[in-house]
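The structures considered in this document are given below.
One chain, chain A, appears in both complexes that follow, with chain B as partner in the first and chain C in the second.
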Partner chain A sequence: MARLIITRLLTMIPLMFIVASVVFLMLRFVPGDPARIIVGNQRITEENLQNIRVQYRLDKPVLVQYGYWVKDLAQGDLGRSFRQRADVNTLILERLNVTAQLVISSFLLSMIISIPLGIISALRRNTWVDFSATIFSLIGASSPVYFTGIILILLFSYKLNWLPALGEGDGGWDTVKHLALPSLALGFSLACVTTRLTRSAMIEALSQDYIETARSKGLSARTVVMKHAFRNAMIPIVTVAGLQFGALVVGTVLIEYTFGIGGLGSLIVQAVQVRDYPIVQGATIFIAAIFILVNLIVDILYAVIDPRIRY
Partner chain B sequence: MTTTPLLQIENLQVEFATRGGAVHAVDGVNLTIEPGQTLGLVGESGSGKSVTARAIMRLVPTPPGRYAGGRILFEGKDLLGLSDGEMQSLRGGQISMVFQDPMTFLNPVFTAGEQVAEAIRAHQGASKGEARAKTIELFRTVGIPNAEERFSAYPHELSGGLRQRVMISMALSSRPKLLIADEPTTALDVTIQAQILDLLRHLQDEFGMSILLITHDLGVVAEMCDKVAVMYAGQIVEEASIEPIFDAPAHPYTSGLLEAIPSTSNDGAQFRPIPGAPPDLARLPQGCRFAPRCRYRQAICQTTPPPRVAVSPAHSARCHFAGDFKKNEPEPAIAGRTS
Partner chain C sequence: MEIDAAGIQSIPADQAPPTPLSMFVWRFRRNTKAVVGLVIVLSLILIAIFAPILAPQDPLDGNLSASLVGPGGEYLLGTDKNGRDVLSRLIYGARVAIGGALGVVIISELIGVPLGIWAGYKGGRVDAVIMRFFDLMLAFPPLLLSFAVVAAFGPSLRNVIISLGILYVPFAARVVRSVTLVQKEMVYTEAARAMGYPQRRIVFRHILPNTLSSVIVVTSLDLAFAMLDIAALSFLGLGVQPPTPDWGTMLSEGRAVLLTSPHVAVGAGVAILIAVLGFNLLGDGLRDVLDPRQANK
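This part shows the complex of A and B:
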């Protein structure tokens, strides 16, 4: 286990470097002159424009730019934003907080909804409970998060006026209120997949021979389901939950946009629009790191859940 | 001497709902087990022997299953009338079960010890520590070496024989009065089979329990049982104590089962498989259920279901010609499939 963790953490470094390099090169192929976009609509002489290019090293060939970027990266410096006069590190860390809150609350919400619902569906197979859960899942799986988001805004903000529709709040309870709707929209779309998965994993586990042994021992129905079946059903659930957590980090882009939340997602979207290369590159590295860490956690959880898995 | 039987099954009916209608997996079964006795329940796959066993534990999944009739009296109480809670405390307490394949019947994600200890905690209200100590004690009783270490072994780390010993220790943990063993040796190596049977016999002496031994192996029956019931297509077709069954089977099916055992003592001449397959329970023959495969069948066998005929006070068979079917001219060969 310790070996797994160490090797994974070590491979993380080249992996993140490759991802960041690919993004770096891809950005150079995106049409549009960053210098012009930085200036915006102001009138400017060609000479001044050239000064800006020199300042940001945009006048150099791509490979030379890459060389400088690698050198800075090795020192942990993600560069400075073209547009916002600040370090990329600082900008990202500022925004990461809101996004992390959003991701974690959506994820927890999704689990709290989907696992009990999936278990109940499995136990009450082909009853109205199961059918309702299936319909719920289908709706969720087929509605994009921004659509769900808008419906939630219309209902809870516009009609009922219970919760704010925009922004990330000023901390504490205010943040909770602001993040409730976006978390619900994201959590709902995830919950659908996990509900279906939990249902099928539980049906599978409940049909195993060891369930009969557990019942023959005189254990309560609750122990049989929650201990003997659920522990075995958790393996596929953890796999998908891990993938979902990674996808959530990306998924927040849409939801932050819909709800006007200043998180990492909206930072990236804005940066792409204005060709603010350093921010896009830096954010990609952060997201890659989160993906890799989540995968590592999933692998560790496998071994914790299933003793047959040893690294 | 009139003692109440430990277990008395009366006219048990278990049916399963299928697309083609209700199928009677167990159709009017009567069985009696006295305290300390071992009853062998013999039959082919699908004959209803495992369903009968699970019905005693009330482990038949309902739906699609349904206890359609009859009574299962355990020490005089009808198990089919008990509440779920009462049944739960009986399961693993006074009646317990050992299953066929100790690999799939043990939960792969819990240690062997935990799976036994939880049964002890459930029935005896023992603390974690007490349950652990009792489990290790039980492991020693069933002959698991290094019992203390094996407590925290996972099923996949144990051999088949050890796993079955774990299952047995689990079943015995609350000193049951009745142990149901559903083909307890089928999934094991031949050498281990003998050890496990030995262990069961030894434990029966020590614990004084009754055993319902389900098997398709008549050799195991001869070795282990006081009495035997032969099941075919959901019914008991013959019931007797051991010697009469082996010496003078009263039902052609039992006779066929005995002839189907390859043996060195009868010069191999008598080795003759029973042709065909058991009938589809959804489309049973009109007369005797075994008639389509029976070498001795007569006209009546194909039209009228046979009654239960007593050939001696403790020996009965469900055959029109019970006890003297061999008088009938055997048909030389019977066309294979029946369904």
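This part shows the complex of A and C:
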């Protein structure tokens, strides 16, 4: 296990390096003067413009810039924003908290909705419960997450007046109330995919011979379903749950924009709109790193769930 | 849904033996998902083609004195903040949605299908290099990488289509590769090789036609994904630019006036939902029809 973690962390470095380089080089080979982006619409003398170029090392050739950038990256420094007077690291850390809360609560909600629903659908196959769950998840999976969010705002904020529609709240209970709808929108979207998967994984597991054996031994239905079938259905579920992290990240960007939440997602979108390259590349690399870590955790979980898997 | 189990035996004995095509049509018609999906998709295509005839108003020309009129009355689905007819904009939006998604899928398959066949047929190092590279691309959500492209080259539908098209290459390539791996080992491919046929002939006559059914399924599902991704980028203001009638952009505009005029956002959202649902249903249904073994998994 320790060896797995170490090798995976080591393979992570070249992977990160390639992602980082592609993003960096793509943004640098673009026509236009980045110094002009930094000043925006302000009037500025050519001399000051030159100072900015020197300050951001934009006067150097692209390859030299790349060298500096790799050196900084190796030390964990993602550079400095073009538009906001702050380091990219600081900006990401500031915004990380609310995004992390959103991601974790959405993920938990999606699991709470989808796993029981998937199991029930599999156990009551081809009944009205199963059909409605299938139709529900098909429609949910086709609805863009931000549209699901807008429907929730219309229903729970404007119509029923239960929950706030915009912003991230001022901490504590207020934050819980503010993040409830965005988490529900995102969690529901993810749940639609996981429900269908849990259902088919459970049907597969329930059709195996050892289920028959367990039943004939006189074990309770509960033990058969949860201990025998579900445990074996967990492997495909965990795989997809890990893969869904990508959908979760993209969903967070869209949901933050929809609900006006100032998290990592809105940071990226704003940066793309004003072409603040250091933030775009820094945030992309940051997310890539988390992405790879999540996949590592998924691999470790396999071994925990299924003792037959050895690394 | 018709009774499937009983239906299997219901080919009348006096008919000619079924051809592959008639078998396909017969199975397709019994698949509710496929039929519903096809009806939605065909309607969308017709709406896109005949938009100028179907749209009751000009989608670009607004009447500012009729800004944000509610649904019903003169404007069936109301107007947006520039006084433009929402229904007409939704109808024209089908063009951008379908055209954009088709663009993405065509680019991805023009690159992905040959690469997938090449990797699968050659095997060995070629295969390993191509597949590692795709793993790397798949390790990342396409939408997030499009952000970097848009940041670099500016927001436009063209940039979105090209970037998504390239980022979708692995989806098509991986499916085609796995079919190629199977076909390569088939007896008839073996026989063709033994008879000394050139590689070109084996690839084009034996392998390529057999990838067709998988490519059709991937096309339909990828069209759904592409539509969602393009709409998402437009929603964020990074894709289709106003005043072009587009569902994602309309949803974004509708979000700004959600409290007073929810009809703008809801109309656009429902349009996206139905279109994506149609392609998802068609893709799912086609997979059941074309590959019954896969479907039971």
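Here is the rule we use: the second predicted complex is superposed on the first by the 302 of 311 C-alpha atoms of A that agree within 3 Å, B and C clash if a C-alpha of one lies under 4 Å from a C-alpha of the other, contacts with A are read in each partner's own complex, and residues count from 1 in each chain.
Note that a residue touches a chain if its C-beta (ideal position, glycine included) is under 8 Å from a C-beta of that chain, and two chains touch if they have at least 3 such contacts.
What you see is a predicted model, and the numbers here were worked out from it, not measured in a lab.
In the superposition on chain A, contact is made by A:T258 with chain C only, not with chain B. When the two complexes are overlaid on their common chain A, residue A:V54 makes contact with neither chain B nor chain C. In the superposed model, A:Y210 makes contact with chain B only, not with chain C.
Annotation for chain A, partner touching more residues between chain B and chain C: C.
Once the two complexes are laid over each other on the shared chain, residue contacts for A:P307 go to chain B alone; chain C is not touched. When both complexes are overlaid on chain A, the residue A:L219 reaches chain B alone and has no touch with chain C. After overlaying the two complexes on the shared chain, residue contacts for A:N232 are found with chain B alone; chain C is out of touch.
Once chain A of one complex is fitted onto chain A of the other, the partner contacts of A:I297 are absent, as it touches neither chain B nor chain C. Within the superposed three-chain model, A:I268 lies in touch with chain C and out of touch with chain B [touch as defined at top]. Applying the stated touch rule to the two superposed structures, the chain B and chain C interfaces on chain A have no residue in common.
The touching residues of chain A, counted against chain C in their complex, run 15, 18-19, 23, 26-27, 29-30, 138-139, 141-144, 146-147, 150-151, 153-154, 158, 200, 204, 246-247, 249-250, 253-254, 257-258, 268-269, 271-273, 275-277, 280-281, 284, 287-288, 291-292, 295.
In the complex of the two chains, the chain C residues touching chain A come out as 136, 139-141, 143-145, 147-153, 155, 224, 228, 231-232, 235-238, 251, 254-255, 258-259, 262, 265-266, 269, 272-273, 276-277, 280-281, 297. On the side of chain A, the complex with chain B involves touching residues 208-210, 212-221, 223, 228, 231-232, 305-308.
Within the complex, the chain B residues that touch chain A are 54, 57, 59, 84, 88-93, 96-97, 99, 101, 104-111, 115, 118-119, 122-123, 154, 156, 167, 170-171.
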